[in-house]
Amino acid sequence: MEQPKRWWSAFRAEMAQVIFGHDTPAGKAFDVALIAAILASVTAVMLESVATIRAEYGTWLKTVEWGFTLLFTVEYVARLICVQRRLRYATSFFGLIDLASIVPTYISVAFPGTQYLLVIRILRVLRVFRILKLAEYVGEADVLMEALRASRRKIAIFIATVFAITVVCGALIYLIEGRTPGFTSIPKSIYWTIVTITTVGYGDIAPQTAMGQLLASAVMLLGYAIVAVPTGIVTVELSRVRRGASVKCATCASAGHDDDAKFCKRCGGSLAAPAA
Amino acid sequence: MEQPKRWWSAFRAEMAQVIFGHDTPAGKAFDVALIAAILASVTAVMLESVATIRAEYGTWLKTVEWGFTLLFTVEYVARLICVQRRLRYATSFFGLIDLASIVPTYISVAFPGTQYLLVIRILRVLRVFRILKLAEYVGEADVLMEALRASRRKIAIFIATVFAITVVCGALIYLIEGRTPGFTSIPKSIYWTIVTITTVGYGDIAPQTAMGQLLASAVMLLGYAIVAVPTGIVTVELSRVRRGASVKCATCASAGHDDDAKFCKRCGGSLAAPAA
Amino acid sequence: MEQPKRWWSAFRAEMAQVIFGHDTPAGKAFDVALIAAILASVTAVMLESVATIRAEYGTWLKTVEWGFTLLFTVEYVARLICVQRRLRYATSFFGLIDLASIVPTYISVAFPGTQYLLVIRILRVLRVFRILKLAEYVGEADVLMEALRASRRKIAIFIATVFAITVVCGALIYLIEGRTPGFTSIPKSIYWTIVTITTVGYGDIAPQTAMGQLLASAVMLLGYAIVAVPTGIVTVELSRVRRGASVKCATCASAGHDDDAKFCKRCGGSLAAPAA
Amino acid sequence: MEQPKRWWSAFRAEMAQVIFGHDTPAGKAFDVALIAAILASVTAVMLESVATIRAEYGTWLKTVEWGFTLLFTVEYVARLICVQRRLRYATSFFGLIDLASIVPTYISVAFPGTQYLLVIRILRVLRVFRILKLAEYVGEADVLMEALRASRRKIAIFIATVFAITVVCGALIYLIEGRTPGFTSIPKSIYWTIVTITTVGYGDIAPQTAMGQLLASAVMLLGYAIVAVPTGIVTVELSRVRRGASVKCATCASAGHDDDAKFCKRCGGSLAAPAA
């Protein structure tokens, strides 16, 4: 009675190595095939949305879409079967993306149109960085993430301030340009303020009165000036992470020291002989 | 006769702790309720400006607006009563915002339309940073402020130069494109120059002649290039403030240690007791 | 016979101190009056360009303009008389601006319209930085200038590369979108490329074909990416200039050394022991 | 029989010095003449694309174009003859540009219109940096290149993430704004997303529904925020390259050391006395 269970366990371990691993030839082949399938299916979804192409190849593309969905469903079930900690995978970033990339097809039977949400599949391609020179790329992503995490408080204050400015400017322009087409309500005027402060500037809504253009100029210059703030924050944090990354204390193994540090800032041990 | 005064004094202290404090449960509850009320009232003002919503719920939203205004009036009076230094509060940034967030409703009785200025209330929400992990957030805001203050002179020169360039380019484009719709006067042409130099580019006014497009290209490239200057200034100052971070070694008096440094990176002396 | 000459020489020195100096009360009063006159005259020129204002106050504004021009002509002659090295002043930046801010009025007698070039006067206001906290502001301007000068070669390569890319992309979009209104010639298409690569995006000319929109996307992403390069260059140079400022030679007290300088670049003294 | 060969070899060496060298008077004159010819021929191609000019000077410009093409063909053959390693030149960046700048004229006999690709010639002008203060400029270009190369992995992750976000946002806006003119398919909607996220904002396609404008605001703010990331990356790498550039190890001649490095990071030799 023990035999089938042991066989099953060996099979699961084997499958896990193919699906989640990137080191064995089979694992690499699986990864490449998966990414090819993702790109092909996203292309199919995108092409299906073009009216002239849908008119001619609509049925064919629908079939392809269902084929890929069934394939990804099988893959998702296989992942659930062979993974060690199921709940953790199912609630992880890529676990949720994997689920979100098959569900829309099934929903589209009841609600037509939702199948276009399948392009969420493209996010699965971000896995590619785990394959190509694995460690290095993930390390770089960590550096970017750490820089953003380290500056999250400054960025929160910055976004809250910009948001408050946007609402106040939106209300002001609504008061000034209330009769110009486009500035029909405060929410619409806030939309215009965001379009202006981010220097996008569609031009579908534009102030016509002298006062409105004066306020618009102020908003533009403000937007032009404050772009310097997030750039400064990210640069400084990136530069800190970057410099600190290479040196490690020989005594307490802590990292994050300055370039010119001679003694560990945590334990006071000398940093002069890291390898001695 | 002393009794009522003492009672009053105790009540004032208690009230001050609830309204201005963020540490007691009552103080925190008050803060959260206040922010909820602010967001709700701003939403009401914004919805009231949408024509279709005003047609249906206009009277109801007006009532809500008056309710919040009375509430904030009571709160403002309470703040004035319980604060130690009244004039200082009344003329502080948040004191003026508190006043400006109730006055428009009363003025709107005489001048309809001004009630939309009530969105100034949204600025009161910036108080939220005093509540959530108080010290840290305010510290980060100080870092941003110090960086901007340290670079205020460079920024002043930069703005004056950009302003002068804008006026000169505005006059030039007016001379060149005088007959193109939109370039009807120098002020309008300066408005166009600001729209272009900040890379907003609405497109409601655009040069039509070859000479005008040549000048426009120059203005665009100039705008594209000079955005580098404020970014550079802020980054350098941020990086200085960040690194400098107030800590000095008690042994060798060197500065420029990291925030989390415990030992001087130059002499290895402890940074733990900077004032001892 | 010596007497009148000596009197003349003393008068010239006195006048020079009033006109060029900023330290005596008379010199400061002259500076403030000059800037007020400049701003007033530029405002007059700008107002004169607005059709509705010109219709009503045209004659009056013309008179004001001539008044200011005569005033500035007298001032220019006075500067020429009292300055020590006349040719050097006349060919300096502010000397040429001073001349350019009076000439257009006289030319406008023959060629109407050129009087709008008088807004060049606004550039004279940049002198204000010599008055307000003189040394500090000019020092900051020097830091900015030095940072730009130090990075001039990198910026030259950058601009040449961007220019070459712009010409090539302009020709490509002309080939692709030749029949779309707006893309009527390569120069026009290059204008569109500049509008796009600087992220201004007027929208008066926009690609309509799929191929054109694909190329436009590439140009946009390119523009979005390369804005990082000048910003990086200026930031690094600013940071170098900034950091160099802190080290001072113990022997000759000169500043502005590189981070890694061990000997003073002016006197050759060791920089190793600044405080010893 | 040896004589003609030796003469040929001497002639080739002489020619190589004129064509590829920049130090002899003849070499410099050749470079200047070449750049003048390139700029003249590109101007001719650009002018030929303007309808009004083509109508009047079309035949003349065509002749000029053929003249320059024959000239550049002779030059290309001469380069091939006198260069030492022919294949290496022919497949190098400038070798391919040299070829691409003559081929379109010949092709245009069969396919009219392709002659506009001749503007590729403008890329040849980048050679100018080899002439003007040769070593320094090329050194600066190397610094820029090295900074970009060092940050290629972070940039790859950044671009892949932005690309994935763009595809997902494009599909979402297509679902929301499907009936608004312009959002006719997912590829068109992705084009709009790129126009918005890079803050170009033509305005030929703009969301009309409240939901669409909400999503557009999110995309704009995202685009505004993420411009900080490439800027930060390039700045940090530029700053690293910049600082390391000047110091070279006296023992192993390796470069790229930190400012404050005292020992070579490759061989451990002292950096203190680079020239001693």
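A, B, C and D label the chains in the order they appear, each numbered from 1.
We take it that a contact is a pair of C-beta atoms (placed from the backbone, for glycine too) under 8 Å apart; a residue touches a chain by one contact, two chains touch by 3 or more.
For clarity, every value in this text was computed on a predicted model and none was experimentally measured.
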Repeated interface matching A-D, over half of the contact pairs identical, chosen among A-B, B-D or A-C: A-B
Cα superposition angle of chain A on its copy chain D, in degrees to the nearest 5: 90
Copies chain A and chain B touch via same or different residues, half shared test: different
Chain separated most widely from chain B, comparing mean CA positions: D
CA centroid of chain C to CA centroid of chain D, Å: 29
CA centroid of chain B to CA centroid of chain C, Å: 30
Touching two or more other chains - residues of chain D: 187, 199-203, 227, 231, 233, 235, 239, 259-260
Chain B residues touching chain D - in the complex, by the definition given at the top: 199-203, 231, 235
Chain A-touching residues of chain B, taken from the complex the two chains share: 42, 45-46, 49-51, 113-114, 116-117, 119-120, 122-123, 125-126, 128-129, 136-137, 140-141, 143-144, 147, 155, 187-188, 191, 194-195, 198-204, 227, 230-231, 233-235, 237-239, 242, 256-258, 260-268, 270-271
Contact footprint of chain B on chain A as seen in their complex: 153-154, 156-158, 160-161, 163-164, 167-168, 170-172, 174-175, 178, 184-187, 190, 196, 199-203, 206, 210, 213-214, 216-217, 220-221, 223-225, 227-229, 231-233, 235-236, 239-240, 256-258, 260-268, 270
